[in-house]
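Should a chain be cited, it is by its letter among A, B, C, D and E, assigned in written order, with residues numbered from 1 in that chain.
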Amino acid sequence: MANIDMITQAPTPSRWVGRLLIWSLLILFAIWFLLPAYVVVGTSLKDLEEIRGGSLLALPHELNFSAWKFAWSEACIGVQCTGLKPYFWNSVSMALPSVFLSTLLGAMTGYALTKWKFKGANIVFALILFGCFVPFQVVILPMAQTLGLIGITNTVYGLILVHTVYGLAFTTLFFRNYYVTIPDELVKAATIDGAGFFTIFIRIILPLSPPIIVVSVIWQFTQIWNDFLFGASFTTGGAQPIMVAMNNLVNTTTGVKQYNVDMAAALITAAPTLLVYIIAGRYFVRGLTAGSVKG
Amino acid sequence: MASLTIKNAVKRYGTVEVLKDVSIDLQDGEFLVLLGASGCGKSTLLNMIAGLESVTGGEIMIGDRVINDVHPKDRDIAMVFQSYALYPNMTVAKNIAFGLEMRGIQKAERQKAVEGVAEMLQISHLLDRKPAQLSGGQRQRVAMGRALVRRPEVFLFDEPLSNLDAKLRLEMRTEIKRLHKELSATMVYVTHDQIEALTLADRIAILKDGSVQQLASPTEIYNKPANIFVAGLVGSPPMNFIPATLVEKDGITHARLSLNKDTDNDVIDLSLANNDADITEYGGKEVVLGLRPEMITYVNGADVNGQQTILSNVDVVEPTGADTLCFLKWGKHDVMARVSSAIDVGSGDQLAFSIDMSRASLFDPQTEERI
Amino acid sequence: MARSHGGIARKLERWIPQLVVSPGFLAIVVFVYGFIFWTGYISTTKSKMLPNYTFIGLRPYERLFQMDRWEVAFNNLFVFGFVFIVVAIAIGCLLAILLDQKIRAEGAIRTVYLYPMAISFIITGTAWKWIMNPSLGLESVIRSWGWESFSFGWTVSQDLAVYALVMAAVWQSAGFVMALFLSALRSVDQDIIKAASLDGASPAKIYLRIILPSMRPVFMSAVVILSHLAIKSFDLVVALTGGGPGYSSTLPANFMYEMTFRRNEIGVGAASAMIMLATVAAIMVPYLYSELRGQKNG
Amino acid sequence: EPTAEVLHYWTSGGEAKALKALQKTFKDRGGKWVDAPVAGGGGDAQAAVLRSRVLAGDPPAAVQIKGPNIKEWAEAGALGDLSAVAKAQNWDGVLPQAIKDIVKYDGKYVAVPVNVHRVDWIWANPKVLAKVGAKVPTTWAEFNETADKLKAAGIVPLAHGGQPWQDATVFETVVLGIGGIDFYRKALVELDEEALGSDTMVKVFDQMRKMRGYVDPDFPGRDWNLATGMVMRGEAAMQIMGDWAKGEFAAAGKKPGVDYICASTPSDGGYLLNSDSFAMFNVKGDDKAKGQALLAELILSEDFQETFNLYKGSVPARTGVKRDNFDSCALKSMDDMEAAAKSNKLLGSVAHEIAQAGAIRGAFTDVATAHFNSDMSSEEATKKLVEAIKLAQ
Amino acid sequence: MASLTIKNAVKRYGTVEVLKDVSIDLQDGEFLVLLGASGCGKSTLLNMIAGLESVTGGEIMIGDRVINDVHPKDRDIAMVFQSYALYPNMTVAKNIAFGLEMRGIQKAERQKAVEGVAEMLQISHLLDRKPAQLSGGQRQRVAMGRALVRRPEVFLFDEPLSNLDAKLRLEMRTEIKRLHKELSATMVYVTHDQIEALTLADRIAILKDGSVQQLASPTEIYNKPANIFVAGLVGSPPMNFIPATLVEKDGITHARLSLNKDTDNDVIDLSLANNDADITEYGGKEVVLGLRPEMITYVNGADVNGQQTILSNVDVVEPTGADTLCFLKWGKHDVMARVSSAIDVGSGDQLAFSIDMSRASLFDPQTEERI
C-alpha cells in the first residue's frame, strides 16, 4: 500500500483537515456515481401520475413495486404479454456457454502463447489483440452472411459463436498477461515429470488461474449480458435475449411511454451483472492487477 | 550406465551463438559443476541436457544413447530449479508424486516412494502442506524430493541454493553432498557461487560466453587456473594480479616487480625456484604474476618454511572473523594479503609479509593463458 | 525407460501449441480480418441498400469526406476520445489515491465507484438524459434550492453536447480506472516512499513526482482499455443525446450505423468504418509493437 | 398451416396492443404468427435486423417498412407479389392513389398499408391560448403573431423535442405552409434543384429561425411525448407533431376540443401523410406464402383497420371503414385526406420516410436539424440543402 | 556534533513487542552495525531512527536533541535501502538532486553538488540514465549518492548490499568503508551478513527478538561472544559447540569431553590453563565448550605453539579454496576443523589436530551465557 500516513507523526490539525477533505471528495464522487441509480430506482417506484407531475429527482411518495411486477411478468413485448421473464432465461442460456467457451479458449490460447512460445507467437497475439478494437457495428452484415452460410442464423448457437469470437480477443489478453507472470520453470518441471501440453494445462496452470478466470468471467458475462446489437441483429422473437426484450419494452416510436415500467425493466435487466459486480467485484479488482497491469 | 557426454554442443538463438562447441564428458556418478558469470550459458546447457531446449549442433548422450531428439520425460533425468518450481496448487506429497503419476505408477507404490524420499529428506511432517506454507529450505527439500523420487540416472541442478540465506545454504550444500554420496548418481550442478562449486564438485567446468574455459577438479581449478579469467573468477577474496618481468638472477629466474611508476630502479625480485611453471620461453618477457591473498601472509616474526618476504606497508585492515584481510602497498601495486586473526596487524604497520612463490601462477599478458 | 517415440505422434505433439492456438486465431482471422477485408472491399463498391460487388473505386470515400455529418463525427471522435481518456484517468487516479489513504469503508465505496461498469448504457442513458436535462434534472433542482444562476445545459448545447457524452462515459469507466490504479498503488515499493519522505517531499509531492510517474505501464493499460471504450461508444450517444443537438454529437460508430442501416448507403458506411479502423490501427500498432518488443528484451 | 413471421418495431404500448389484435385475428383464421419485434437503436435496429436476415438468406415473411424503401427492396428483388389477394379484395378500389403509389411496384402490389398518420398537426392548449386572447393560427403570419404574444406573456409558444426527426417534421410543415403544395412537391418530392435552392426555401428557413425563437432553450434531445406533456400542463401553447400525440393526451384522460385542440398546420389544404405498411418478402414454402396472403387480406380488412387505428390514433388506409368510434380529430383527418386526395394535395412526409428513402431523407434531416440547432444563415442552409441532397442521390 | 543516542527504545505493533528496551549510544563518527536474524527488528529500529516509524517508548536523540516527534526530513538523516528505492522515473542526476530540490536549493548549486558526489562515486557518466538502465552495483552507488549529497549528520543503511553478487559486495563494502573514513559521519548499518558486520563496524549490536544481545567491537564479538546465540550467529563456518564437564587435573582445570554415548570412561581432557574464562563457580559442572573451526587445525606434523592435540578421524573433506574444511569425528561428537589448503588432508585420514584452547569459549548450558 502506498501508505504515506505512517510518516506523519502526531495527529495535527492539518491532518484533520486533510482527512476531512479526503472524505468530502469521496462522498461527493459517491453521490455522482449513485445519482443515476437513484433516478432509475426512484422512478421505478413512482406511478405515472407522479412522474408526469413532479421532479424526476424527487423522492417517490410511496414505495410502489407494481411497475416491477408488471415489467417482470405482465408487460407486452411485441404481441406477447409475458413480461421479461421468458427472455431472462434466453439470456442465461446464451451467456453461460459463451462465457464458458470464450474463457476456456482464451485460457488455452494464452497458455499456448506464453508457455509454449513458438515462432510468431507474439505476432499471433498482436493480431488477436486488435480484435478488441473492432466496433461491432462494422461486423453485422458480413457476420449475418456468414451465419447464413453456416446455417445457424437466428439461433442461440449463432449468438454463442459471435460472442465467443469477439470475446476471445479480451480473454486471450487477460490470460496471456496473467500467464506471463507464472514462471516458465513450472512448465519445465512438469515436462520433465512427464506431463504433456494438456496435462500441464489442466493439472498445473488451471489451478493457478482462478484470479484471472474471475476477471474473464465477470468481464465476458457483463459484455454478453449487456449486448444489444448482436442479440437484436441475429435473433428474433421468442429467442431474443433480455437486453433486446428490455429495449422492445422501453422503446416506442409513436406510443405512450411508461417511465416507471421502463426503469423497473432496466433494473431487472441489469440485476445479474450488478449482482456479479457487487459480490465478486473485489476479486475482479484483485485479478485485474494480476492480469493486466505489468510492473 | 549413466555417463553423460556432451559432444561439440552448439546453441544458437537466431544469429546469436549462446553456446560454442562445448564438449564435456562425465563418468557415471560424477558430480560436475558448471560455474560462470550470469548469462554465460549455464542454464541453456542444462536445459539442452534436459531436453527443454533444442540442440542446434553437436550431440548429447546418456550412456551411449544419443538423446538429442528424445522427449524430456524419456531421458531419465531430474532437474531442480533455482525457483524450485513447485506446483503451488498441490500438496508436498502430490508435488513429489506427480512425476510418478505421469509415468503411470500405481497409487500405493507412489505413496511408498514418496514416504521414503520424505523420510530421507526429513520432510515427512510436511507432506500435507502446500508450498506456500513452507520456508525456503523446506521448499528446497521438496524440490529435491521431487527429483529424487524418480531415481533418475542424471540429476540436474540449476542454482538450487541461490535463493537461500547463507546459513541454510551451508546446510543444504552438505545435504546435497550427502545425497550424491548415497545415490552415486551423475549430477550436473549450475551455480555462480564459487564456494559451492569448490566444495561440491568432482570436476568443475568454467564457462565464459558460451565456451568452456577449464574443465578440471576443484583443486586444480583453484591452484592451477587455466587463464586469468578462471583465476579471477574462483577464489574470494580474488587473486592479486601483478605485472612482472622475468629476469635471470644468480641462475634462478625471478619475477621482478617494479614498484615505482616513474623509474625502473625500484624493484622487488621474487624467486621462482620452487615454481613449476614452464617459463623457458618467457625469459626477459613480461608476465602477469598471480598471487592469492593466502599466499601472502604474516606469521609472527619468523619466515614460514623459508619463504621469501617483502616488507609491506599495511594500508587497511579488514577483520573477517577467522582471518584478517590486509590491503598492502607494494610501491604502486595494491595487494591483498590474508593473515590469521590470531595475529595482530594494524593499519599503518610496516611488516615483512612472506610470499609463497611455489604456488604462484604466471600468465601470459597477451593471451591471458597460464604459463 | 526408453520408449519408442514413433514419428507421427511425436510430430503431432510438437505442433500441439500451434494447433491449440489455431481455432481462436482462425476465428479471429475470419471474423475480424476477413470481415475488415470484406468491409474494405464493400467500401469501394456501389453498395446501397444491400451489398453490391460492383467496383467503383474510391467514390464512396469522396462522398464520405464531403459530408458535414462525417466531419463532425470524425472530429468528435478525437475530441471525445481525448477528453474522455484524460478525464477518466485523472478522476480514476484521484479516486485511487483517495481510497489509498486507509479509508474505513473502502470496500463499499469501491463497489459504488465500480458498479457503473456493470451496467449497459442503454439502461443508465435515460437516467443521465433526465439528470442533464435542464428543465427536468439537476439544473432545475439546484435552481429550486435558490442557486438561480446554476447552469448545466450541456446536452442542449451544440458545443457542450460532446462533453455531456464525456461526462457520462467517464461516469461509467472512472471506477474501472480507479481499480487499475488502486491495485498498482498497492504494489508500489514502500521503500521508495520512505526515501522520498526522508528527502523531504510532502505526500502530495510524493504522489505527483514519484509514484504516479513510475506507474507508466498502468497508464498504458488504462489508455488501451479506455480507447477501446471510446471507439465502441455507440449506445452512449444513442441514449444520451441521440447525436444532437442537430448532429453535433454523433460519433463515427453512429455515423456508420446510420449510413449502413438507415440511409441505405452501405458503401459510405463501409468507407467510414475503414477510416475508423485505420485510425485505431494508427494508434494501436505502434503501441503493440513497442509493448511486445519491450517484453522480448526484458 | 399459414405461417408468418412478422418483423416490426411496434413493440410496446398502444402499438403493440393494436398489433396484438391482428395477431389474434390471424390466429383465429388458423394462422401461425411468429413475432419478431425489434425496437431501439433509434428505430434503426430493425433495419439492421432486416438486412442481416436478408443477407443470411432467411428473410421474415412480413416486415414493417414504409415509403420508397419498399420500392428499393422490390428493386432488389426481395419482395413477393400480392396481386392475387389485391385483386380478390379490390384494393385498387379502396385505396387512395397516394397510398397505392407507395405499396405498388411495377404495377404489382408488394406491400399492405396499415394506416395513415397525418403529420402536419398543431396540438394546442386552448386555455393557454385564451390567456393571450388567441386562437389556433391558420396562417404562418398569424402563428408568428400569436407566438410573439405568448412569448411576451412568459409562455413557451411551441413545445418541441429537439431530435432530428422532430426538427424535420416541423421543417416540412413549414415548407408546405410557406412554399405551398407545388413547391413542396417540386422541392421535396421531385428534388428539383432550382426549387431547393430558391428564395422560397430561404424564406422557409427564415421562418424556421423564427420558430427556433419560440422554443424553450431546453428542447434538444427531448422526447416528443415530453413536449406533449408541456402542452398538456399548460407550460407551452402548441406542438407541431403527428397524430400519435393524441395517444398521449388520451392516456392522461384529456378530451379533444376541450382540453386540447387539433388543427392542421397552416397550409393551402395540404395533407402530409405518413403511412405504415408491411412489405411481403420472398419466402420459401407454401405455408409461408399462404401466411403472407392471409396476413395481407386481414390487414386491409375493414374490421382490422378500425380496431387497429382506434388503438393507434391514426386513420384507416382504405375507404369504407366504419366512422362511428373515431374521435373528432380522426374524423377531421379522414375528411381532410379525402378532400386532399381529390384535389391532388395529398403529399408524403419526408421526415417520416414516405416521400423519400433513407439517404435523401437523412440528408434533408441533417440540414434541417443543423440549421435549427445553430445560427446558420438561411442562405447557407439553402445552399447546404442543395449540396446534401445532390450528394445523397 | 552528531552523536546518536537510543534510550530504552520500545516498539509495539498492537500487542506485539517488536523492540524491547533497546539502548545504544553512538559517538560522533562511529560506525555501528546492527546484526541479527531476519525479523529480529533491525529495520524497525532503523526506521524509528529515521522517523519512518513512530516510537512507542523511550527516546531517540541526535546530539542532545530528542527527535522522537521530529519529521523525518528535519532529522538530518539519510538512508540507503536494500532495494535502493531509486525513483524509477527520474534520471540518476534527478534522483540524487531530489532531496536538495525539496529543500529549496538552487538549481546551479544542486548541479554542482550532484557532480561532486557523482565524481566521488565514479558515476559521472551515468547521470543521464534511468535506474532501470543500471546494473546492481551502479544502482547501489546512486542510492549512496542520494544519501551523500545532502551531507547529513547520520547515515542509515538497511542491508544495502544484500542484492549484489559476491564480488560486487566486496567492492562496495570497501567503498563504504572508504566513504566512512572520508566523511567521518555517524553511520548505522543493518545487515545479516556477518562478514559485512565484522569488516565494517566500529561496534556491532547483535539483536535477537528485539533485544540487544551484545554491543561491542567486532573483535570482541568474534572472540568473546556474550552467549551461545551470538557465538553461533557470528563466524562461518559456525563455532563447534561441545558439551563438556570441568574437571580438576594436576591442579589445572580441564574441559572433559566424553566420547562415547554409553560410557563415561572414554574421554578427552583439554587443559584450560591459558584460557581466561572465570570458571571458579563451575568446577565439576557441565559447560558448553565453544571452539571455532580455525581453532582446530592441523599443521604438518608439529604442534603449533605447543598446543594440545586430539587424534581425530577425518570424515569428510571440503576444499573451499584457500582453506579446507574437515569434518572430524571425536567419538560421538561431530566437529568442524579448518586447515590450510596447502596441506593435504584426505577423507578417512586419522591425524592429530591441534586445539587452541586459549581462545576457546565456555558457556553456561542453562543460561547460555558466556562464562
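By definition in this document, a residue touches a chain if its C-beta (ideal position, glycine included) is under 8 Å from a C-beta of that chain, and two chains touch if they have at least 3 such contacts.
To keep track of the chains, here are their UniProt names: A = Carbohydrate ABC transporter membrane protein 2, CUT1 family; B, E = Multiple sugar transport system ATP-binding protein; C = Carbohydrate ABC transporter membrane protein 1, CUT1 family.
All values derive from a computational prediction rather than experimental measurement.
Number of steps on the shortest path from subunit B to subunit D, with steps defined by chain touch: 2. When the interfaces A-D and C-E are ranked by C-beta pairs in contact, the top one is A-D. Relative to the C-alpha centre of subunit B, the farthest chain centre belongs to D. Subunit B and subunit E have Cα centroids separated by 26 Å. Distance between chain centres (mean CA atoms), subunit D to subunit E: 92 Å.
Rounded to whole angstrom units, the spacing between the C-alpha centres of subunit A and subunit E is 57. Across the assembly, subunit A contributes residues 7-8, 140-141, 143, 145, 228-229, 247, 250 that each touch 2 or more other chains. Within subunit E, the positions touching two or more other chains are listed as 51-52, 72. Chain contacts: subunit D has residues 40-41, 43, 48, 51, 55 touching two or more partner chains. The part of subunit C that touches subunit E in the complex is made up of residues 189, 191-192, 194-201, 205, 209-210, 213-214, 216.
The part of subunit D that touches subunit A in the complex is made up of residues 5, 7-17, 19-20, 23, 33-41, 43, 45, 48-49, 51-53, 55-58, 60, 117, 223, 225, 229, 233, 242, 244, 247-248, 251-252, 312-313. For subunit E in complex with subunit B, the touching residues are 38, 165-167, 170, 174, 177, 192-195, 198-199, 218-219, 222, 234-238, 292-294, 316, 318-323, 325, 338, 340-342, 356, 359. Of all residues in subunit A, only 52, 75-81, 140-141, 143-145, 147-148, 153-154, 228-229, 232-234, 236-238, 244, 247-258 touch subunit D in the complex they form.
By the touch criterion given at the top, residues 183, 185-186, 188-195, 199, 203-204, 207-208 of subunit A touch subunit B in their complex.
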